[in-house]
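Pasting the structures here.
Each of the next two complexes has chain A plus one more chain, namely chain B in the first and chain C in the second.
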Partner chain A sequence: MIISALISVWNVFKHLFKKRVTIQYPEERPYLAPRWRGRIILSRDPNGEERCVACYLCAVACPVDCISLQATEDEHGRRYPEWFRINFSRCIFCGLCEEACPTYAIQLTPDFEMCEYDRQNLVYEKEDLLIDGQGKYHGYNFYRVAGVAIGGKDKGESENEDAPIDLRSLLP
Partner chain B sequence: MVTIYIDGKPYQVDAGQNLLHICLSMGINLPYFCWHPAMGSVGACRQCAVKQFRDENDTRGRLVMACMTPAVEGLRISVQDPQAVEFRASIIEWLMENHPHDCPVCDEGGECHLQDMTVMTGHTYRHYRWKKRTFRNQNLGPFINHEMNRCIQCYRCVRFYRGFAGGRDFDAFSNHNTVYFGRKTDGVLESEFSGNLVEVCPTGVFTDKTFRKHYTRKWDLQTAPSVCVNCSLGCNTTPGERYGQLRRIRNRYNFNVNGYFLCDRGRYGYEFVNSDRRIRQARLRRNREAAFESVAPDEGLQRIKEIVKKSGRTIGIGSPRASLESNFALRTLVGPEHFFSGATVKDHELVTEAIKILRDIPSSMASLHEVETSDAALVLGEDVNNVAPMAAYALRQSVRCKPQAISQKLKISDWDDTAAREAVQDQKGPLYLATIADTRLDDMATRTFHASPQEIARLGFAVAHQISPTAPQPENLDSAALELSKMIAQDLKDAESPVVVSGCSLEEKSILYAAANVVQALRSIGKPARLFLTLPESNSLGLELLEPGSLNQAFAIAREDNVEAAIILENDLYRRSNPALLEAFFKSIPSVIVLDSLDNPTAQKADVLLPAATFAESDGTLVNNESRAQRYFQVFVPQDDIKESWVWLRAIGDALGQEEPGARKTFDGLIADMVKELPFLAPVQEISPASGFRIAGAKIPRQPHRYSGRTSMHANVSVHEPQPPQDPDSPLSFSMEGFLAEPPIEQPPASLIPEFWAPGWNSIQSLNKFQEEVSGPLIGGDPGKRIILPPDPEQAAYFDEIPEPFASRAGELLLAPLYAIYGSEELSIHTPGEAQLTPPLRLEINPRDAQQFNLTGETVLQVSVDSQVFELPLHISASIPEGTAGMICGLPEMPYVALPAWGKVTPKPVNSSTENPG
Partner chain C sequence: MSETVLHLINVLGILIVVLSIAASLPWVERRLLGYLQDRYGPNRVGPFGVLQTVADAIKLFTKEDWIPPFADKPVFIIAPTVIMTTILTSFAVVPFSPGIGVIDLNIGLLFFLAMSSLGVYSVMLAGWSANNKYSLLGALRAAAQMLSYEVFMGLSLMGVVIISGTFNLRNIVLAQKNMWFCIPQIIGLIVFIIAALAETRRLPFDLTEAESELVAGYHIEYSGMKFGMFYIGEYVGVTLISSMIVTLFFGGWQGPFLPPIVWFIIKTFFFIGLFITLRASLPRPRFDQLMSYGWKVMLPLALLNLLVTGGIVLATGS
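Let's turn to the complex of A and B:
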């Protein structure tokens, strides 16, 4: 009995000479891996256009239902969110939205410093979410692989597509 | 009944029915594309393959298409057989070779039959490495979006559009693997049933263009069972709301009424709910010249209280587009003797007459489904395509009933669509159309007869007389009409279940009598004939069942009896009566209280204006043309001060201290009062469970269990989520929580299913899980109940008010009402797409009359009728009978005129003012 107590004391004593795991935050910054699940952003495609196509998949995947948005289209048929809102006071940073997103638009980032005194300030709108870069995933552009035509990309101009069929052709 | 074995299990099934129909009816999931429950099988897609075995010793079997294989005694099949499973997976993979990577931006996503079937077969990975085929899209008008890349060439669209809906401007083009579905050139789809392509197409080729403007996924829509308010047929609908806006309308299956389809007026006529012209706040003004001020609801009620208290008498004017409950609440508030019909004087008389006919004559009224399955039809007066469009759809199907004998003789099953059509070729069953002018049903007709309303009635009387000589005979019938009447009589007599379609649109009572006589004559010789009467509006019958006085009586009382106040319920009287009469009426009434949802000329006359809820924001009952009482449920809680009319009226009653029994505070209590006072309305109480109904102690959620954004959609206003609105009036809740339906194991009663969905079945095809049998009634019975029950079988007397022959008058033309599917109805015209398709104002005249009056092509006419003068462009139309002229009713720019009426028509003097009509 007394032996086990002494072993514990000895173990604790040894820790005095171990390297510290805590750091002097905020003066000192921890390293967070890129896949760390923190503050959510909306990214842009390689052409600098919004990646989000307003498909609502992140919203339906979200287990706490803290994402809402409304789809709209530009005059050439490109779909994007008219508004996009995340209520971070509800978000559990599970990353399911990122997994659901078919366009790499929504991504979690290694930033956790989001504290607010007022909960209302945790409601982020599209202006607060949309960044100017591609985030973690480079090079993907959903509209380059989708079949819909948008401004600057006509039918048949997507990757892996043939030119549109000529309906008047009689060739077999 | 025969016994078949599916995967070793015995099932009792209908002999001759196809195996796909059977499997789905038995709850067995089997993927399919080209088969459609309303359109039968063509065996084109090869998706429904199953293994068939010769006998119990056969272990090899062979693949057959379930949709093309009839059930015979002892048949053995396997759905689970590994070869069949593999075959189905490879079929999907082939169909998907060219399918675009579109789901995230495809409006079908989340309710896509192709998605569902792909998941069902387990196909996940595209092995095909070559390029995808692409197509260019077409602009198909304001209702339908086209995205041809997504097509899987199942041919459902063209089969529906041409074969069932009778459209001509849509087809399959090109060849081999490049078959294209569309129009020859871009342009508006002509068929009034084009919107059904959205639901018929199993992919996202055709999607709802109005929905696209405010797109939401199906899983995000808050829905409730509802009824179309755009005509008297009362088709069942599923409206969907998101963020306080009505987003779309979809079909809701009802075996007796609309089945799988809707017309475009009903499907797209919802946008008035979101209109800028909505009245959203109570408004007051000191006098009629002053401007309106928005006030708090209580202030409005206070003012009403002062008005009604000091006044000697208050009258109430009801409405054929308000619910039965709201009309009854008004009737109770003002007293039955001060309650007046808000319909036009003519409609009031005609609908009252129609009720009498339906009550008196020993015939059952036909449901829409029964029209569809009749083998001979006579249409007296109605231009059904424009007045009650789904009736036109039903009549189109009815002509296919009689020739079915041909294919049946060749032992072709009715579900074998291509073979049955090939056998029948162009043969059609008898359909006779007696109308003023051309209709879009003429291509189906055995014979058409274009004549004045009187002559149409006389033809009907003649037919009745030909069938049974005891029916009265019209004098001096011309020989052509006599000949025709003999022909019609013969065909109706030869039929098994003939139907007579008539109605109020020509505003001619004798047409109703004639139709009743034909049905009675047929019944007297033992034919189970049925009568189908279309009525003016969605609740015309419900309103008149409350036995209101006529609008003219209201005017007379206002003139003579110093009425102090009038309460006008959801009604724009300027669509119902001569403007001069109305000016006088409003002048004679010191205080006018109007409840309505959209601003209109009547609302402009109000002293107190209360914002009323639309159908999507209220609970209520509508009584359709066959007296079927159908409940519609509140889809969402409106913003601002909008309230249901019956809630306003009850609040007024309370403010006045009209002591109410406590129960009256609720919707259930209101219905109970109504049934107590008018016991014949008892079925209204039975059409849906009362508000206290619970399943496993829970309400039924209006939101799907996948509804998203609950903790975020209101967060811009406040991060503290509001409590969901409570619903004291129905067993449904405004929430995603509650009883989770698991069809077909456990589900709410059919009248309370907010939306059809089953695990693995996200598209509308999930319906098969809710039906007793595919295409049959919903489990537990379809919602809705007839108020006028089949009368006693005693033969009533024939009507003998036969009109005189039509005689043209010198210098005058008989102006007869014509109708436009988009334009003649008050609410749907607020949908921009429908407004765009509204025909222009014009007067249609026979070329010979035009010649006689010296009128030529480009003339603008001056038409004087009913002490009003209009200027209308001339339109020469050979189908208008001589001596009459046609005028499209109800267009927004036209003031009301009671038609038919004799009018003077002259070319507009060159220097007269360019003032607009009216």
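Let's turn to the complex of A and C:
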């Protein structure tokens, strides 16, 4: 009994000279994986337009109801959010909004340093969320692949899409 | 006159140094525990975190010093002072180096044992006066543990007394000129270290506190600086026990090259470090294991050690 206790004491003592596992955070930065679920952003498509089509799927998917938005349309019939609000004091960074998004607009980024002294400052508006880049999915433009007709693009003009068949012309 | 002043400086110096060492021990312990667990420990407040204890003390002073309305007030207030007083009084007989030390008591060893026995009162009264069932349970455990480990703590030291032929700690140190008593009294040393751990209620034997089951044991109702007294009292106790081990078994201030007081401090800190390492590595035994270990293993071992030492000394006639 004494012997085994002494062995464990020695084994613990050897840890005095081992490498520390602590990452001293403010000076040392931890490694964040590319798919880290951190601060939420809204990305833009390659043309610099907003990707978000205000379909409300993220707001529906959100388990804590921290996303709210209002859809509207521009003169080309293209949908976009009039305002888009994420309350980060509620957000649990589950990433379900990112999974629900059909247009890769909403994305989670490897950034977690969003402390605020005032709770109200944690409510991010659309201007705070929108970034200028494309985020994780480069070259993806929802309106270029979706079969929906908007101003400047008619039916059948999307990528990988044949021109619509006029059924009447097929008549014998 | 000048002798009185010298003596006063001696006393105050020892008091201040001992108290500041004890006050810095929580930081030392937390740092060392951190290193033993592959962490860093507190290293933010001041250089290497040395001011952590200051921050803790400020925190303790700003806390509400609450006395429960159901407690036995005078006893509740006196209890934490008892432990500090007894342990600090014990330092009076510790011979730090040839010139440093408060009194040269003929029965210094007995005085130390008596004072550590009085320490039980602090724990018992604290647990009793708080009028709380958990603190009472903790105090009961503490009293049982400390009383039963005291028995062979005294006995384990008797071998040293037999060899050196004196109860005077200064003479015991001088008697170790040729050989430290840790070699002829190795069993006594082991028994004494284990008993000392139980006496100071440090981790392998901290059943009196047992924060995972009794919340905090006997000092459950204490807050503010009254709690701080128990907290620091534990570390003063560790310092005392370490210096006693050094005095009794490791030649006290004796050592080559360096001045005597430096040797004493180095040896004492070695044993403080050993206690912290033990805390980091050993699990807490069950209470019946603790008791049966004390009475069935340690007590016979101490008695056997006493018998053999006595026999050898008698036979060789030295």
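One rule holds in what follows: the second predicted complex is superposed on the first by the 150 of 172 C-alpha atoms of A that agree within 3 Å, B and C clash if a C-alpha of one lies under 4 Å from a C-alpha of the other, contacts with A are read in each partner's own complex, and residues count from 1 in each chain.
Just so we're on the same page, contacts are C-beta pairs under 8 Å (C-beta built on N, C-alpha and C of every residue); 3 or more make two chains touch, one makes a residue touch a chain.
Since this is a predicted model, take the numbers as computed values, not measurements.
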Touching partner for A:89 - first (chain B), second (chain C), both, neither: first
Touching partner for A:70 - first (chain B), second (chain C), both, neither: first
First (chain B), second (chain C), both or neither touched by A:79: first
Larger contact residue set on chain A - chain B or chain C: B
Which of chain B and chain C A:4 touches, first, second, both or neither: neither
Partner chain in contact with A:19 - chain B first, chain C second, else both or neither: second
In the complex, chain C residues that touch chain A: 32, 35-40, 190, 277-278, 280-282
Residue ranges of chain A touching chain B (in the complex, touch as defined): 53-57, 59-60, 62, 64-71, 73, 79, 85-87, 89-90, 102-103, 119-120, 122-123, 125, 142, 145-149, 155-156, 158, 160-165, 167, 169-170, 172
Residue ranges of chain B touching chain A (in the complex, touch as defined): 100-105, 109-110, 131-137, 147, 149-150, 173-176, 178, 180, 212, 214-217, 219-220, 243, 706-713, 715-716, 718-720
Chain A residues within the chain C interface of the complex: 2, 5, 8-9, 11-13, 15-16, 18-22, 24
